[in-house]
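Next, two complexes with chain A in common: one pairs it with chain B, the other with chain C.
Showing the complex of A and B:
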């Protein structure tokens, strides 16, 4: 019960920060000579006015959501996966090449193989920092960040070298995926694909595993207090590595979705630091699965809407970045402010009680 | 009669949920070395932090040099000539000795530039004046811990301190460095008429350096004595005794076969120094072996090595005859070991998890709590944990609240409930009732004896001598990582135990060892 109360308070402060961010955004718009109301209207139109826009918003929300959940899986078990970007890219490039290499096989076989290959690749790439952390106590934040860079260059090398597209106009990209392997698109003209259903299943599974299974329970305990978990007899090393594997596999799956659902080729637009956006969503919502889903939708609305705002109200795309930054800023500040208010209140009560007791004692003695 | 420089009157310090100082009244006199002793958590550091202006007391008054002080900050404390050397040094590692000494009152050139040469000569002057030899141009990172401590002392002297507070100054020092530090303390007290307050829990140091000694226990000042009128044994019993005198509990049955054996075990502490030395012991089914030792004599490291939380350098640990020396805590638990750890918050619970989650762990893989090892059965878990919650009389807002929101006593009951419900045949228990009220203590004690009577082999360590006496069948005393004596609990007095706890029996023990 108490837990729910905290969540409500958090949701309220989140909404307040969003409102404040929009206010500050309006100020910036007004100062830079744009009518705020008009710009915001165009933003809403840009992301929600028709099926195509809604589709694009959902596609981006899906990417954010699975990336955010991947980050949350690691963090719940006490390991911070900052390397999702690399895991996503490698998953994407491997999935794309599976589609090229297996051309001629039935669609279902190719899709399944590509998904498995992408997940295995992402998982394997996350396994390395996981093992390094557990066995050698190497800080996973550093290793995962470094491995991101490595992955970016591996992918570039593959897309420019051995797996290069035969069309000389495409400088860095794999061969185009045969149309027969494209994921179905429920909305014409939008990048949204049937991958959203797979994503929904993944999201549900993650929530279910974390909240309702024995493995999820062990992960939670390990993340909360690893010393206690080890003391209680849990195999904390295995649990941390497992969490990292799952996190990496999810990122790899996102890479596959991007190739087969949206781009139909591996090129640099597969991910524009999407994992970091997802990670931010996860951190803002304190790794709460339901919160990640909602916040992903909101951030996708902001980002896709920003394109509409730019096209129709002439507001530079950067305003979206400002809004996003201000929201994050408020969320970070909110935690600090709330904590200091609580601490001050606790101190006041303690002092009051002590004084009351002293007064009482004095009265008795006197 | 020397003049009083610091006067604590009815000082209380309350942190949320903890009364760290309870009505403490104490005078400190000019030109004396005053030792403040007590177990960890007795309130020594809290009291000294009040004097140094870090803590603002929630009650009582503090008078420094006849002047009542309120809303005191470390800056005010320094202005009144009070200096404190913390347990963890507050030095800038990349700065030189001289730069560290003058920090916050740097000599300036033209009012703005740091005058390095003046800093060095100032540091040299101080070092000469107080005979504290240091190289002012050495970088702090590169000098020994003992020298770093000198720099800390010089820093306070540079700021004009003549009341010096040293918080566990010898914890990080080698015996030689300790001797040097004590020589420095004696010199500055004798020649400069300074006042030194030293916080420690090593009793021989109290005897070696102090003029007067104050003993603290559970936030209260138990007594203040002239050091020449007391001995280590008296101090030890003042430190660990409790007001309530407890009788031994009824026990039934005889000790059975050996369940736990430790053979020639060597264990290092966190700093890599040997904490347990060639130690051997056995515990039989249906007996409680109590360890009596002043804190920091290797008992914590020994218990951690037995449970698998800490590796052993050499030697063996045997559970029911099987060698488990290299096994994980989980593997040892699978062999029937349970463990109530010394520090419940760091090790015994997950404060962020619910009471239910904390009570379940260890049994959560059992079939009655899940389907196919996957899906956790919420209701079965809830019923089980609720039953433990009631059985162990845990008082809080239910099994769904987080453990972190509970009081220390109830948190300890959560640990006890879980560990005692695991059907263990070997129990390792450390500080079972630290910070727990008398009612909860009675409850935990009766459960320990119940386990013993059911045939559990129990190894118990406690800083509370009364507790060791009340629960143990056999008692061993430890001093500096070695066993100094072994006794039947009903055939020895507390005074005799105190003698062995302070290492005095060691020579005899070594003699006996050599004879065997």
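Showing the complex of A and C:
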């Protein structure tokens, strides 16, 4: 009962935050000379008006969801994986190259190999900051962010250099993936691919493991109180490193999905800070797996809708980043805002009481 | 080989080192204040980015680079207030607020840049930039003159700021209180000074420093142009410099110089290997720096422990 009450309060403040974000967004739109209502209508149209747009929205929701869950897996165990972007990109480039190198093999073999390679790559790249954190207590936020930039340049180097496309018009991209290896597309013209089923399985597994099994409980214990967890006999170091490995492997898998499902080539459009969007989703929902799944749909709606808004209403699409972060600001501060409102109210009633008592005292004396 | 080495260790490299280090150093001067005040400030990257944009915007609207710098400083105050409002007043998770601030800055600056300057950004516009300073007497000094001369005014300003910050942090009561706010907030409160107020002050000063760093980046380093995402993780590197320098202004500046040197080295090596690979160098070095500082700290601790046990025996 208590829990449901908290959830209700949380949902209410989330809705309020979203409403406020749209209000602030409208203000920014109006100030910069766009009609807010028109822009928001184009946003809804851009993401939901036909099957193709809905497909694109679902595809992006899938990316956000797995990235968000990857972030949550780490955060629950007490390690912030901010380096998912790099893990995703490296996974993608390796997966693309596996597809190119194994051309001629059966589809299922190539896809399994590519997925395994991408996950191994992502996991390995997350392993390094994980070990540094556990063994040496090096701040993982800085190391993972730095490794992101390193990964971006490594991928660029590979796509421009040793693994570059033989077509000179493609400046930074690997060879195109043979059509036989493309994942099936349920909606014609949309980027949505059958990878969404794999993602659904991953999402369910992560939810199940984190919420319903003892492993998930041990992870949470490690994240909340590592000292206690250690005294309770848990191998906290192993749990943290394992969480980081899983988190990295999930990001790598997203990279593989993007290459085989959406782009069919590795180039810079594989990910444009998509992991950071996923991380924001995870933060808003306080790393709750079910919340992440729902929230990623909403954020995908914002992002894909913003592209439509840019095309049809001429509004720069970055407005979605503003909307998104305003929601986060409010959600992160909800407790603090509520507390200061309460404090102000308490102060006012206390003052009123004091004044009433003073008046009473004055009357008695007089 | 000899020629390559001479090319790499030329005066030009060290000049580039100074130029690359300055934005990072400026931001680090602010970051060390919040670090002392006990706030983990991940949001510096966004603060720099906003400063860079507002600097260009101010310079564009007023046709004066000085006004650009002034507006970046004002924005720094506003961002510092905003950051403190959430982190200090509302007690939100500083990591989440910092991350969100970075994304917010990326979104807002790109949105405004496209709304105001059009899709191609500032490239087609004539924006007043900061002048470089030429000192005649430096011409007489061969190698060092070349390094130190003809720089943006901000490079010299940064030296002054490092000294000033050192005095502020270690020699003034306010600096002492800021440090106490991070280390022993309850003791400070008993002494009748609010640690929260010190955190507000540290945040605002950090905002100003990051605003200056941004203004230098767009108006000085890039001669009056704004590029989307131009802070390029410099805020995070500044944070790493703060950690590396144990929040000491002089040491943080040296760390920034080290970053600048490897950045410059990368530029030089571009003549020999792919620029994508050379760009990695400063970021990898930052990771190595982070590892080194921890290992050094642990070694100190163990030697201390062995010393004390030795004394007991």
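Methods note: the second predicted complex is superposed on the first by the 336 of 366 C-alpha atoms of A that agree within 3 Å, B and C clash if a C-alpha of one lies under 4 Å from a C-alpha of the other, contacts with A are read in each partner's own complex, and residues count from 1 in each chain.
Just so it is clear, contacts are C-beta pairs under 8 Å (C-beta built on N, C-alpha and C of every residue); 3 or more make two chains touch, one makes a residue touch a chain.
The structure displayed is predicted, hence computed values, not measured ones.
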item: Partner chain in contact with A:11 - chain B first, chain C second, else both or neither; value: neither
item: Touching partner for A:136 - first (chain B), second (chain C), both, neither; value: second
item: Which of chain B and chain C A:220 touches, first, second, both or neither; value: first
item: Contacts of A:232 with chain B and chain C, given as first, second, both or neither; value: first
item: Touching partner for A:212 - first (chain B), second (chain C), both, neither; value: first
item: Which superposed partner A:161 touches (first chain B, second chain C, both, neither); value: second
item: Touched partner set for A:44, first chain B, second chain C, both or neither; value: neither
item: Touched chain A residues, chain B compared with chain C; value: C
item: Overlapping contact positions on chain A, where the chain C interface meets the chain B interface; value: none
item: Chain A residues touching chain C - in the complex, by the definition given at the top; value: 28, 32-33, 80, 82, 132, 136-139, 141-143, 145-150, 153-154, 156-157, 160-161, 273, 276, 279-280, 283, 316, 318-322, 324-326, 328-329, 332-333, 335-337, 339-340
item: Contact footprint of chain A on chain B as seen in their complex; value: 10, 12, 14-16, 58-59, 307, 309, 328-330, 333-334, 339, 341, 346-353, 357, 360-362, 364-365, 369-370, 373-376, 378, 397, 400-402, 405
item: Chain C - residues contacting chain A, complex; value: 42, 86, 89-93, 95-97, 99-101, 103-104, 106-108, 110-112, 114-115, 232-233, 236-237, 239-240, 243, 274, 276-277, 279-280, 283-284, 286-287, 290-291, 294-295, 298
item: Partner chain B, residues of chain A touching it in the complex; value: 1-3, 212-218, 220-221, 224-225, 227-235, 346-347, 349-351, 353-355, 357-358
